[in-house]
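Here come two complexes built around chain A, the first alongside chain B, the second alongside chain C.
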Partner chain A sequence: MQAGVLKPVLAVYTALFIAFLYGPFIVLGILSFQSGPEGGPQFPIIEWSTYWYRHLFGLVPPSRVAPLPIGDSLIRSLALAFMTMVVSTVLGVASAQAFRQKFRGSGPVFYLIVLGMMVPGVLVGLGTALLANLVGVDRSWWGTAFVLHVVYTYPFAFLVMLAIFNRFDRSIEEASWSLGVSPVTTFRKVTFPVIFPGVLSAMLFAFTLSYDEFARTLFTSGPRLTLPLAIYGTFAVEIHPNVFAFGVLTTLFSFALLAVYAILMMRSVRQSRQVSAEAA
Partner chain B sequence: MTVVLTLNDVSKTYGGKPAVSGIDLAIAGDSYVSVLGASGSGKTTLLRLIAGFEEPETGSIVFEGERIDGTPAHERGIGFVFQNFALFPHLDVAGNIAFGLVNRRRDPVRDKAELDRRVAEVIRLVGLTGLERRGVSQISGGQRQRVALARTLVTRPRLVLLDEPLGALDAHLRARMRDELRQIRRSLGVTFLHVTGSETEALTMGDRLIVLDDGRIGQFAAPATVYAAPASPAVARYLNAYNLIRGSRSGASFVSALGPLPLAASGDARSASSNPPPSAPSGTSSNLGPAAADGVYAIRHDRIEVRAPESVPGADEIMVPARFVASEYGGASMLSFFALDTGQIVEVEEHLSRGMPLSLVPNSRYGLAWKRDAAIVYA
Partner chain C sequence: MSRTIEASEEPAMRQVPEAGSISSAAAQRRKARRMSWLLLSPGVLWMTLFLVLPMLMVLYVSFWTQTTFTVEPKLTTASWVRFLTSPTYLDALWTTVRIWLLVLASTLVVGYPVALFIGLLVRNKTLQTVLLVLCVIPFWTSFLIRVLAWRPMLGTQGAINMILMKLGIISHPLEMLLFSELSVLIGMTQIYCVFMVGPITFMLSRIDPNVIEAARDLGAGFWRIFRTIILPLSMPGVVVGAIFVSVMVLGEFATAAALSGRKTNMLGNIIVSQVGSLKWAFAAVAGVILTLLMGVVIAGLLKVVNLRKEL
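Right after this comes the complex of A and B.
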């Protein structure tokens, strides 16, 4: 009886969820194949074409639509996301490792770290910009913006690693020490391989959060824009389907990144299974 | 005997509560020592102090003539086998076993042929041949136990600490591993310090037996000595083979709530206070609480005979009335539970090879009889 009601309700809920999740992307995807340069960002499709994709790479004759200024900003965003990923993950792993033992002031330190993801990005961005002006530091994507990205993504990496260490069996480290292996080698050869799936997740979080970041970057990146800022800048004039074409390409790139993550994850989880399959 | 490990006045507290206090100990080389204690008696703490996972607050630990307290665990050269085995989940069986040899700081084995030879040797010793390339999650509990042991033994420590190593195994496997542990130890000539909460395991495994009582050493002697003459009521309790009756000594009898229990004529008396076992430390604490000043009368489960309630005890015997509650059939023996008039439950173990015991009717009254000189009196 109850299941009879519940099932259609859940089905509608799931359908709505999927519609909201994928609907916008599907619309963008379709519109990115609008004909150009005269076709606009709305239905109906005048004629299917790959014009805007070619436009993106400068493969079409110049027209009244200026090419999307993404070349440099894409490189900047990728570099920034990579730097942020490395630093936040290292910090996250190290501080989660520290939190495995209770130390004096561990409570306040915990909230201090987590604060970085709680505070409103616009305010922190603005505050950092004012502070930079005050002390005479030039704003730049690799300086002020980078620091803010780390402040923002480090708590995510930290929390992921904290959860991983929570389930970590510390006796395997003690077993390693008792075999005469130093703590440093033990971390390298025992702890790290075991927590590696978690490290991978922390890296993924840090990278995607930084790559996407808008509010904090807006005030702190200085004259050279990151990708989200550059795209937002083009909206101010007029929206053309080239933005959609670019959106499709970046989403595909993200999927590729996720696929790499999934493969690495599967490999580290299945390692022992593969080993036993070889023996059989 | 050469002493391989010495502890002097070693103490450690956790959150103000003593875990081990004032432990003095000397362990002989090439021996098997088992440590018996209830959970919370400090037995795991004792091992962790020796291994270097924890540091003592007082006292010193000397291993092979060198003071090792304060030395990091990886520089002590003492092996440790964990209750949960603590195998490296990302390595296969051979990888687990080779790990210490390859990665240890002192004298690592770099030569591949030498490494393979030593790993193969220990795999043969513990009987894991054919499983070298298996993942550690793909083998049984008993095999994991062997990997844990092999991983430690291959580095040739002079002392191996085993923390309830058989606790995670089923009963059948436990019995077989007991035998194998003893054989493996003998063939290598190392010293095993084996912690357990099981009195059977402690009695069968050790050449010598340490009974830990509330963070102190209750008794350290050969298993047969401990079993026949526990140094204190607390030790007797851990052996799980004695009925303990409270009271006090008064002349030739022991006065308890049951009434006076006449003692054997002096000379035959196995009184623990007048004739303590040589290795029993004097003044051991007992955890009998506020009444500890009072005496305890101990009688072993298998020294009691069940008789008809109207039968008359012999001149050298004691008989008390009791109500039969229930019994457990144990194959070779029968364990029966009786309630004394004081409400205390008394256990009686009868060996079935000595003939069928009385068939007992629950809630009926019987007489429990034992020889006066079979009792041990702590008073």
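Right after this comes the complex of A and C.
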């Protein structure tokens, strides 16, 4: 029977696909342990060493390879991602809450919000730079770049929250209202704990998207670069294994973030179950 | 599931069940509508100021007069004429369309069998989730690093050439692998394939196994089942995936810049290089053309499927 052959064939194919997804990254990880400063960004590995990692933190004597300008830009990127996360999550929760009622004009508003994640970054970045020039606002990472990051991440937060509210059991809110609890207290004590897993996901989306964003930042961040822009700058010149070492470290950072998210998620899911159970 | 439907079909406001009179119910509804708009207004204002206005600004500036280092708000179509008559820029437009179509095709061809396996053939929910998570994890690493990771893979001294030479398949390293359009296509396929696999897997996993079972009992072969059941039911997933991939590929410039050695120029690359040399009006023209292109593509795809219903 054909389906009997099909399954193992597709299983092998899927394994190859996953190798295709991870292959470049594994190669990059291996090459980040190239010896330095004479070792280049290619095989063979002359000698295994952590030279490029030390190079990244400025722990090696100066050589012809300039250090990556990551110190300040890392702090800027983290601050920007944090600001973006807070604002876009608040906007996303508020908008999704509004969408629980049917109202006229919901269609256009929905598409207006979703447009933020569809428009190419380079385009809206260009427009914002032009607009800033017109009204005489200096471009900066905490101003023009920040508002664009929110334009990008707010739709993600909104869609996540919309999905959460779609699955939301309205009767526990109604129970709270009918007991005379005010809508604000109800939201704080009943609704919020139940939707909190969604809020966490929205926050994670917003933070990681903003932390990694560069197309929107390119024209709008002004003279002070964010981390992805500093990396983008190295594209133009010859690359060295220090970029690879940086790639490994930033990936580990993302995974740490993901682990924190997973822990918080498990705790809040348990908590929201409790609230639901108590309400019932 | 039934609870969800029940909740969403309920009338908007039922807070005060004992307030039976119609006028009070209407007042409640008005209040709720006001509340909705109050909650929405910050978001709508934000998007209007920082998304719609900049886009209009791009359109406006595309008609400004470009001097050597600045643009002046004196309306002219000079930049448009220059774009539409220059072979370099028309070539960039064609490159954008070509790369978009090729990446769309390759992500579909590469991704569909994977989605078929994960969504339909793996019936164990845990294994399904593990496989999907495996596909999504690379998305969590830096985009630029993922692009850059292809350089040591594809270079003349890269991993692929090295392996092929060791295996004796080739005697000289393949030069076409890096800094060519091929490397851009390979890189983009790897980066964007996940966005095709996800939606298709989602649609396939919703197919009732009994339907396929029934078709098989009635004597349908695999190809017949695939053509008449699996493919039509997975189409919304294909279209949603195509929208994701199109949106991201059309506005691309970084992958092309990093992997083609500046040989492949898409509209995004034109915008970046024009802004770099302070040709704002010209960058704006390229921006408007890119917007129009995306608008046509997305409108076409949305005609096929209602995005809001699929979410």
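Convention: the second predicted complex is superposed on the first by the 268 of 280 C-alpha atoms of A that agree within 3 Å, B and C clash if a C-alpha of one lies under 4 Å from a C-alpha of the other, contacts with A are read in each partner's own complex, and residues count from 1 in each chain.
Methods note: a residue touches a chain if its C-beta (ideal position, glycine included) is under 8 Å from a C-beta of that chain, and two chains touch if they have at least 3 such contacts.
Everything numeric here is computed off the predicted structure, so don't read it as measured data.
**Student:** Please work out whether A:K7 is in contact with chain B alone, chain C alone, both, or neither, and reply first, second, both or neither.
**Tutor:** second
**Student:** Should A:K189 be classified as contacting the first partner (chain B), the second (chain C), both, or neither?
**Tutor:** It touches chain B, and chain C stays clear.
**Student:** By residue count, which of the two partners contacts chain A more extensively, chain B or chain C?
**Tutor:** C
**Student:** According to the stated criteria, A:D169 is in contact with first (chain B), second (chain C), both, or neither; which is it?
**Tutor:** It touches chain B and chain C both.
**Student:** So, A:V181: does it touch chain B (first), chain C (second), both, or neither?
**Tutor:** first
**Student:** Starting from the residues of chain A touching chain B, keep only those that also touch chain C in the other complex, and list them.
**Tutor:** The answer is residues 169, 171, 174, 177-178, 183 of chain A.
**Student:** Provide the residue numbers of chain C that touch chain A in the complex, in ascending order.
**Tutor:** 3-4, 7-8, 10, 12-17, 32-33, 35-40, 42-44, 46-58, 61, 110-111, 113-114, 116-118, 121, 131, 134-135, 138, 140-146, 148-153, 155, 157-159, 162, 190, 193-194, 216, 221-223, 247, 250-254, 257-258, 268, 271-272, 275, 280, 283-284, 287, 290-291, 294, 298, 307-308, 311
**Student:** Show me the residue ranges of chain A that touch chain B in the complex, using the header's touch definition.
**Tutor:** 169, 171-172, 174-183, 185-186, 189-190, 193-194, 268, 271-273, 275-276, 278-279
**Student:** Enumerate the contact residues on chain B facing chain A in the complex.
**Tutor:** 51-53, 72-80, 82, 84, 86-90, 92, 99-100, 103-106, 131-138, 148, 151-152, 155
**Student:** Write out the stretch or stretches of chain A touching chain C in their complex.
**Tutor:** 2-3, 6-7, 10-11, 13-14, 17-18, 20-25, 27-28, 31, 41-43, 91-92, 94-95, 97-99, 101-103, 107, 109-110, 112-124, 126-131, 133-134, 147-148, 150-151, 154, 158-159, 162-163, 166-171, 174, 177-178, 183, 208, 212, 214-215, 218-219, 228, 231-232, 235, 239, 243-244, 246-247, 250-251, 254-255, 258
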